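Here chain A shows up in two complexes: once beside chain B, once beside chain C.
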Partner chain A sequence: MKLVSPAGTSSSAQRVFVARWLSKNVYLVGGTFLLLMFVIAALFGEQIAPYGANKQNLLEALEGPSSDHWLGTDPLGRDLLSRVIVGTRHTLSVAVISVSLSCFFGVLLGLISGFVRGPLATAIDALVDVALTIPNMILAISIAAVMGAGMTGLIMAISISFTPPISRIVRGRVMEIREEDFIAAARTIGVRPWRILLRHVLPNAATVIVIEASLQAGQAVLTATALGFLGLGVQPPTPEWGTLLGYGREYLHVAPFMVIAPGLAISLMVLGFNLLGDGLRDWLDPRLGN
Partner chain B sequence: MKTFIQRTIQLLLAVSASVLTLSTSASAGPDDNTLVYGQRLSITDIGPAYNAFLQYPSGYEAGFVIFDRLVTFDDQLRFNPQLAESWAIADDQKSVTFRLRAGATFHDGTPINAEAIKFNVERMMDPEINTTNRPLWDPIAGADVVDDLTVRLRTHEPYALLLNTLAHGSGAILSPTAIMENGQESETQNPVGSGPYKVESFNPGLELVLAPHDGYWAGQPSLDKIIFRYVPEAATRISALQSGEVDVIDGVPTHLIAQIEADSDLQVLTSPSLRPMGLAMQTTIAPLDNVEVRRALNHAIPVEAIADKLFLGQAKASDSPLAFNTVGYSGNEPYAHDPDKAREMLAAAGLADSDGNGMVEHEGEDLSFTLLVPEGVFANDVLIAETAAAALQDVGIGVEIRKIERSSFWDTLRLPVAEAGWQLALFGFNPSNASGLYHLDSMYTSNPDNEGRPAVWNITRFSNSEVDDLLNQAKVTVDGEARAALLAQVQDVIWSEAPYIWLQVNNNISASRADLSGVEVWPVIFTIVRGGSY
Partner chain C sequence: MPALAGPKPILRYLGLRLLRAVAIAFAVVTIIFFLFSLVPGDQAAYLAGPGSTQAEIDKLREALGLNDPLLVQYFRHIFGLLQGDFGTSEVFKSGPLPFILERIPATLALTASAIGLTIVIGIPAGLVSAMYHTRIPDLAISVSVVALLAVPNFWLGLLLLSLFSVQLGWLPSFGFSGPAALVLPSLALAARLIALVARMTRGVTIDELAKDYVRTARSKGLGRTAILLRHVLRNVMIPTLTVIGLQTGYLLGGSVVIERLFAWPGIGDLMINAIGQRDYAVAQAVTIIFVIAFLVINLIVEFLYVLINPRMRAV
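On to the complex of A and B.
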């Protein structure tokens, strides 16, 4: 006779499992949910926004939150909610693109300097050491100031300033893996070094990279908006959170809602990335007992 | 989760940074008879020579307290005697004789006599020493000592603006003794003048402290101390004023006036400025070389709405290339805001939307201009640019705003046509000697090389022989009414040729503690604390 477990039992066991997984990974779930909202806003901003992001109406300038304008209007009567929603695309894509770039180069440099011994590794180490002594923000501001306001400058600034920390973290992990027995085994049977690096070292370092990337994305959002705040972000009238915050600052006493809207958006996006990073670590890192 | 908490705290700090910058600490109030003036720009050097008050207008404002001039303006920009008691113009109109006030001395005790005036005038005539205010001083031919208290200034031609030049900040009279003893360049850091207050200490870029001049010819100054302090952020200046840390501030944004008015301890000080704002057009580049296109663009911008809504009434739509209070101003028929008319005029000039995409085409491509704008140089500068861009888009002209760092703004404005990279730029000229002739001459006289850098501020490359002739006549016309008639014709031509999209003239807005009197805001931007008292 075939052993058939009653369907109910199975699904309730599944439910318990899902519930336990969810409660264990509440950060991961929360972060993913928040970021999913931002991704939707970034993809369909114009369709979701109640008004055109650049639609001016001087007769409705600087109005507080109301049923017509949930987050109020700016000095040109533009709807702040619409500007914040449409601005999501800019900030999110800057964060994602610049972190992808910094991961690519950081991982490349980290793999080489961690795995290879010799003058090349020493040179990379020295370079990264020097770059790490310069505060991220200062480096980003200088690069953005030279490149001028605009998306290219912003992405370059962030990815260059974020590459050294990633490279350093990857290098540490690679040096750990390098000494493992399975690497020695692979070497013994004559696997080529680049193959060892790509097939055996990189996958084992992937967890660290993914976690670090998601945490860095949060920092990238802060750096991007800070540069916008300082006037190094985008050209008007493009809505960008940091720029909105910078304009709003002057109106703090008369129209505090001008800083609340973009401030909240920035906080939530950074929170999303940080929750995702911490959640991924809890979930993926075996040393934490999962 | 420690790192997570740390990061969250960092985030909160970053987002609320703006709030934190507002926190100020209360210190010296008005009780100690000290006036602290929080300026939006710093003072880096003092004195009329060399770079002449490098930071504008902050350095000039200090100069007006430390130095006397032969004549001065009042807050309506009329001439008043200062070191000169009286003056007389010669019959040939090529010299003016000044009778000096008796008994006036410099801060170092040196008496003020005809020799001292001659010394100062000759310094300003020297291009090596006076490097920045050449157009004001070039017409002057020399100074003669008639007797100890009488000096005669000669000009090459009849010079209608001699008094304007002498009342200008560069007309400051300094102690010859101090300059001879301490070296020509001593004045930039430690100048000796004859005004009611003298330099006590100077920390360039941060703070200038002045003490009373006990031998001042008009009697003992009423304050114990005047401090000029650099406070760049508008919101910080206002908080400092409210807390009593400073007593006077300049550069109050229009939307923050209500906050000051609501505080009975404070008062708002305003004056209409002499700087008419506009969008400069490169008039040598097609299609902006067509006057009908330039006029059409003038009909496209809602200037009244900018003045009323953006400046909350602290501005007025222009009706002349000169501001309403400039000497020589005459009004014209305004370009009414009428987008339909603008579209018709553009179509008549060959700029029509033939492919139905909402944008007009020029030589087969959608027409689009680059609009150059600085951030924080002119009141509401970026907001004006965004409003204008939306209004031009509404009549089918694309606008790409190029916001530029304020330190490189002035130079980018003056680039040769081929390198400029902009077709529209937000600009306004401030005639710091209050003269409409100087204003029109600086902005609209034809450039010697119209493709290169403009000689003065003719950045639109406007070139009109009638205007050139009329301005040349006005320069040698000493009679005020006759000169005004010539200037009215000039304004008429320029207004209808429309090298600018004319915008607004806004007020200079400063504020002070209500118990402080005698602080003046001059139409030429300057806030003058010289006569302040509690």
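On to the complex of A and C.
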């Protein structure tokens, strides 16, 4: 232990406080900034991209990065930068739609199984227990295999396999809230259970749900692109990031640059969601931080 | 409950966990059966191949038992599984079990060496990070952790492949030809776990270093490294085990993608091949094997908990 003067303590404490405050908000600001860029790319992909995503030019096939094609071209002479930009919409919408669905059903199941006591809660609990035993990716692959390759199969695969974890987290939070005095008070004055659930329990669980949704979206991007890589996502010529990486793998010997951009795009989008989730956690619920 | 806990309560606890695992395995097999029964299209017509007559298709459908009610098919499936019958693979023209068993060692080698790498890299990284708390090594490791958690394992694998096999030619790029071939795929698979374990170890170590017993050890004249290795490391093992236990699902699911990337002859690669050939009996069998592996690993983790943590023995 170092001895410091009171003045020194307060100024260093202040510095630590400001530094910590800044570093926490760096996550939130950084994540939001990254995701905003992707939202813009998703909305205006065709306008931003220097070339058409599917415009072929066999005279310029497999060219390395140059001033004309910043990230090079693929074997059909398509501009890789344009394909990655236009592909943003697909991955972002799969992630957002799947996580919205998994959150809706996960929150519903979690609210019921955490709040109600009885056979219904036990049944939901058992079902979630069982579902959690199937590794996420394996479940997603099986669902995508059964549904067939495509956007619908992909969204179903991710939303179904992501529902059990969020329902488990919501259930835990609801069981905590259920024991709070204000819930007992509401019960005592005769507020109906479903009203307690929606007006008192849900708003108090919202923080956990929002944080979890953001972190899940990052995982959804990883799962969606992995399925694309395995050939279980949308089919070519749609420029999906995972599919682009699968395609690039075949040309690793002649055109290693083909795998740089799609992978970087996936990583940055996941990073954006992860930073947003961690930033939200620090901002909304300081107790949960590490 | 008697205050003095002998071996009996532990055995009862472990026995109950085992029973629970069996019940869950049964339920999962049921879910997987009904999931795969949703496969669209006429399976018999597909398997009979193009140019086959309606009579041939009908005969095949009858032979496969696809005309029976779903529930009958379900019970046949369950009784088959109990006898080790995983259905008939249309590609291999036999039960898929021998083909799966033949590929299990490759998957085991991949996942086991990923766990090994996680322990060998993740724990020291976390300890170093905690020792240099808020200084440059800590910063570098913490940034790497955030980055590794965002990078898809198959992209990391592609980059490693591109650098170490294609450009430098140091390591083989595909197949299971020996220990050298294990390096890249297991590193790609382990990256996420390494990051999680490093982060967890860092957090736990920072907490532990602030505790009284560390101060006592310091006052006895023990060096920082000795305290870390002799006292703190022990307390770090439990959270590490927890991370590995919680991430078993990732490990198994990730192995499918990594096996595909490195043409690794494991069961994940088999599963994706089977899906590509619409050989659903094999895909379903591999899914069941994965779930059983998941349950077994989780049981092992729970048993290890009891072994490592004396407090658990009193349950």
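Operating definition for what follows: the second predicted complex is superposed on the first by the 262 of 290 C-alpha atoms of A that agree within 3 Å, B and C clash if a C-alpha of one lies under 4 Å from a C-alpha of the other, contacts with A are read in each partner's own complex, and residues count from 1 in each chain.
Here is the rule we use: contacts are C-beta pairs under 8 Å (C-beta built on N, C-alpha and C of every residue); 3 or more make two chains touch, one makes a residue touch a chain.
All values derive from a computational prediction rather than experimental measurement.
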Partner chain(s) touched by A:Ala206 [first = chain B, second = chain C, both, neither]: neither
Partner chain(s) touched by A:Val26 [first = chain B, second = chain C, both, neither]: neither
Partner chain(s) touched by A:Leu245 [first = chain B, second = chain C, both, neither]: both
First (chain B), second (chain C), both or neither touched by A:Pro135: second
First (chain B), second (chain C), both or neither touched by A:Ala185: neither
Touching partner for A:Val259 - first (chain B), second (chain C), both, neither: both
First (chain B), second (chain C), both or neither touched by A:Val146: second
Touching partner for A:Met175 - first (chain B), second (chain C), both, neither: neither
Partner chain in contact with A:Leu230 - chain B first, chain C second, else both or neither: second
Interface residues of chain A shared between complexes with chain B and chain C: 145, 218, 222, 226, 231, 245, 248-249, 252-253, 259, 263, 266-267, 270-271, 274-275
Chain A contact footprint on chain B (complex, rising order): 1, 3-4, 7-8, 10-12, 14-16, 18-19, 22, 234-235, 238, 253, 255-256, 258-259, 302, 305-306, 309-310, 373, 375, 380, 382-383, 385-387, 389-390, 400-403, 405
In the complex with chain C, residue positions of chain A that touch it: 126, 129-131, 133-138, 140-143, 145-146, 148, 218, 222, 225-226, 229-232, 242, 245, 248-249, 252-253, 256, 259, 262-263, 266-268, 270-271, 274-275, 290
In the complex, chain C residues that touch chain A: 24-25, 27-28, 31-32, 35-36, 38-40, 146-147, 149-155, 158-159, 161-162, 166-167, 199, 203, 248-250, 252-254, 256-257, 260-261, 271-272, 275-276, 280, 283-284, 287, 290-291, 294-295
Residues of chain A that touch chain B when the two form their complex: 54, 56, 58-59, 61-62, 75-76, 145, 149, 215, 218, 222, 226, 231, 235-237, 245, 247-255, 259, 263, 266-267, 270-271, 274-275, 278
